[in-house]
Amino acid sequence: MSSTGVIARKELLDLRRDRLFAVLIGFLAVATLISVGVAAASFRSQLDAYNLYVQQLTASGGTTVPAAPQLFPLQLLRGGVEYLEILGALFAIVLGYGTVAKEKYRGTLQLLLSRPVGRFAIPGGKIVGLAAVWLVVVAALTITTTVAIMVIGNAPLQAIDLVRILIAAVIAWVYLVFWSSLAIGITALSPRLSTGLIVAIVVWLAFVLIIPQIGDTMDPDNQVPGGLFATLHIQKSDELKVLANFAGFDGIRNGVEVSSITKHFERLSFAFLGIKDKYNQQPLGLVWADMWGYAITLTAATFAAVTFAVGVTTRRNLQRKIS
Amino acid sequence: MNTFVVSARHEMLSTRRARTAHLLLIVFIGMVIASSVIGWVTNQTVTGVYEKVVADGLTTAPNPFTGVTPLYYARNAVIYVLLIGSLMAIVLGVQATLRDRKAATTDLVLSRPVGSATRLLGQLAGLGVVLAAVIGISFSVSWVIISVINGAPLGWADTGRVIAFGLLSWVLLSTFTLLGMLTGLRSKRETTALLVPFVIWSAIAFVLPQIGTAARPVSLLNPVPAVSSTGGYFDVVAAITGPFSVTEQFKRASSIVLQDPAVTGDATSSVLILLAFLAVMTVVVAVTPRNRMRSGLNE
Amino acid sequence: MTNSAIATDALSKSYGSTLALDALSLEVATGEIFGLLGHNGAGKTTTVNLLTTLLAPSRGTAEVAGHSVTAAATEVRRAIGYLPENVQFYDTLTLMENLRFFAQLSGLHRPDQRIRDVLRILDFEGRDRQKLGTFSKGMRQRVGIAQAILHSPSVLFLDEPTSGLDPEGVRTLRETIVRLNTEFGMTIFMNTHLLSEVTKTCTSIAILRGGKLVHQDTLANTLADFPGEDSLEEIYFRLESEPVS
């Protein structure tokens, strides 16, 4: 087996015995399951309210019954996707940091570096190892949430839904590999270990929480609870016409949002899962036609992060100062 | 000078020398200041949208922002206190208690006539001063920016509200500092010490409110507190999880203090909950045994 | 109250089911340089931790500078100086800032002049504005001594003070220890592995084995009591190999 393979296997073994890793993934799984459960409960409450309303309407002699709220099973995954977006990224950073940091503080780095391994074997092995770990985690989370939709959400899934979930899982895997690779690179570059972790967390804070939040709060429709246009009783078609007059502002707002890789992940996942209304129940070809740009940017960003990690995880950087 | 003050001053000096702390402080101050500008730009746009809608005859509804106070421009600061401020406070707290354990200086400290509670509370006081300074700087600049946008200095009443918001922020951040100090004292590894409070923070900021209100995680990043969902199950669960959702209580109290039109009611209960958490965390940290403070790290 | 600088009576410490120190009874007279010897895990550091009040005893009593380590721990802390093994400092702070912090914790209100005096004694003049992160191992060990003597303690505890030092560092430190004892009258209690250093500096010794005291006497008496052995090293290994009563 190549040195890269040996290091990758060691990472897998190391993480399998790591309690912190188990706790983090457990937390992510529980949070995701809770979000499916809560979304299902929320839908049932809506349905109960609707039934009550229809009952009262019928009793009072009304005849124009409004349409019943419709459950789109994949929309129950919205909270789960958002947890992966926020917490998944944080945990990916921690795992990426851990693979380099552990070698430093345990003192095993010197043993590793004294072996005849190639220039790319250490970063390559670590990235391959983590990519494999995320593959297993994403697969487990996908299976768990799919079962949760059917059991907790009591919603039947079609074959096409499973394909959509699978696509979302691949997107999530690419996103998580991005954050782990970035963290590997940052940690390798930091002479002090805690600095590496804190810098990586500041990057997470900026790109996962702050930038999308700025974009979100700049959205005119988000300024009033329930939506500005809904408060003003404005139809969707008129809303778009009005907003066309504020294209400059919206361009800046969108620019802020798309400067974060997290938004690319979110938009892709929401589109393929039909969470975004515009793409709900739309054929995959149509979604792809709109979203291929985001797919390319997410992949390119991950490729860049992997290149960065491999590029900076050098013997010289790793040995700068062991703290 | 008593050992409490010596510990507090030492903590301030150490924080001043820590580069990572600077990074976080700069991000925090920068974002709180930026939030005023973002608030203003967005408000200008929304006013433009409303005027356009009225001009096109699409609505007769009143402008939802009529009578909005100048403090509206500070509302995004609530979320930055919650996001950046809390994480900054956690990092400061973890570093404070972990510093002595990492460098094994605890024995040098505890072999002197210093009580463990005095030492820890002294450190907390030092960090409290640092937090107060950071909040003071960022909110003062924010006050100037809002006054410029408003075309006149904020009045006494509004200034008082900004100060009250600053105090609320200090209470919340001190609570998270204590959480960081606690994990800094209790963890066996530095990574765990930093990570566990982050996970607890995310559980408080996202999971608890979601269970009680069905609000999605990303929507919880908005400054307006999540509205209780739809009765039945949620009423019961929200009654249980509500008081523990410290970040939502902070959002609620801050929104009321800043007169956000989206939130109404009395802030007293939320303020009391925040103070209760601060008091409980202070006691939990202060009773840490000497042996725990001396314990080494596994890394 | 005793006239000894240190007196213990059946002092014991257990960690769970492990007995780290078993009924230690010893006395160190005021003004002595006392060496506590023993293999790794013999209980030397546990003894120092108990005497410096960093640990509470499981059983037995101990007095340091006339104060009980349990009933008057704060008084003990006022009276002692302590240099732990592998001493570390706040690397981002300067030498002066580090020492000022520890001096103030020891109760000195305006410590700067005293710090300058101590720095002069330890040949640190002109370095007070340097950050500790830039200091060598030997220098850090001397800073360790500096922080321990700032408040003029009557008893000084040194845990493996020569650990990791080069021969030059060992010699400088030895001279400092002797000077603190002769010029300033400090009683010195040190744990060490280096038997050659013990011969050169200590006036009395004790040997611990598996948490039990197997020997205590003055160095002169010890050497005289074993006429068949050539050196302290030979005596040490002989005592270590004898069955414990």
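Read from first to last, the chains carry the letters A, B and C; within each, the first residue is number 1.
Simple rule for what comes next: contacts are C-beta pairs under 8 Å (C-beta built on N, C-alpha and C of every residue); 3 or more make two chains touch, one makes a residue touch a chain.
Because the structure is predicted, anything quoted here is derived from the model rather than measured.
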{"item": "Those chains which touch chain B and also touch chain A", "value": "none"}
{"item": "Chain occupying the middle, per Cα centroid", "value": "B"}
{"item": "Farthest chain (mean CA position) relative to chain B", "value": "C"}
{"item": "Inter-chain centre distance, chain A versus chain B - centres from mean C-alpha coordinates, in Å", "value": "25"}
{"item": "Centre-of-Cα separation between chain C and chain B, whole angstrom", "value": "46"}
{"item": "Interchain centroid distance [CA atoms averaged], chain A/chain C, Å", "value": "56"}
{"item": "Sites on chain B touched by chain A in the complex", "value": "19-20, 23-24, 27, 31, 38, 41-43, 45-46, 48-50, 52-53, 56, 58-59, 61, 64-65, 76, 79-80, 83-84, 87, 91, 95, 189-192, 194-195, 198-199, 202-203, 206-207, 210-211, 214, 216-218, 221-224, 227, 229-234, 262, 299"}
{"item": "Complex interface listing, chain C residues touching chain B", "value": "52-55, 74-75, 77-78, 80, 82, 84, 86-93, 97, 101-102, 104-107, 109, 147, 157"}
{"item": "Touching residues (chain side chain B, partner chain C) in the complex", "value": "1, 3, 6-7, 10, 13-14, 17-18, 99, 103-105, 107-114, 290-291, 294"}
{"item": "Contact footprint of chain B on chain A as seen in their complex", "value": "20, 23-24, 27, 31, 34-35, 38-39, 41-42, 45-46, 48-49, 78-79, 82-83, 85-87, 90, 94, 97-98, 101-102, 105-106, 193-195, 197-199, 201-202, 205-206, 209-210, 212-214, 216-218, 220, 222-225, 228, 231-234, 238, 241-243, 245-246, 249, 266"}
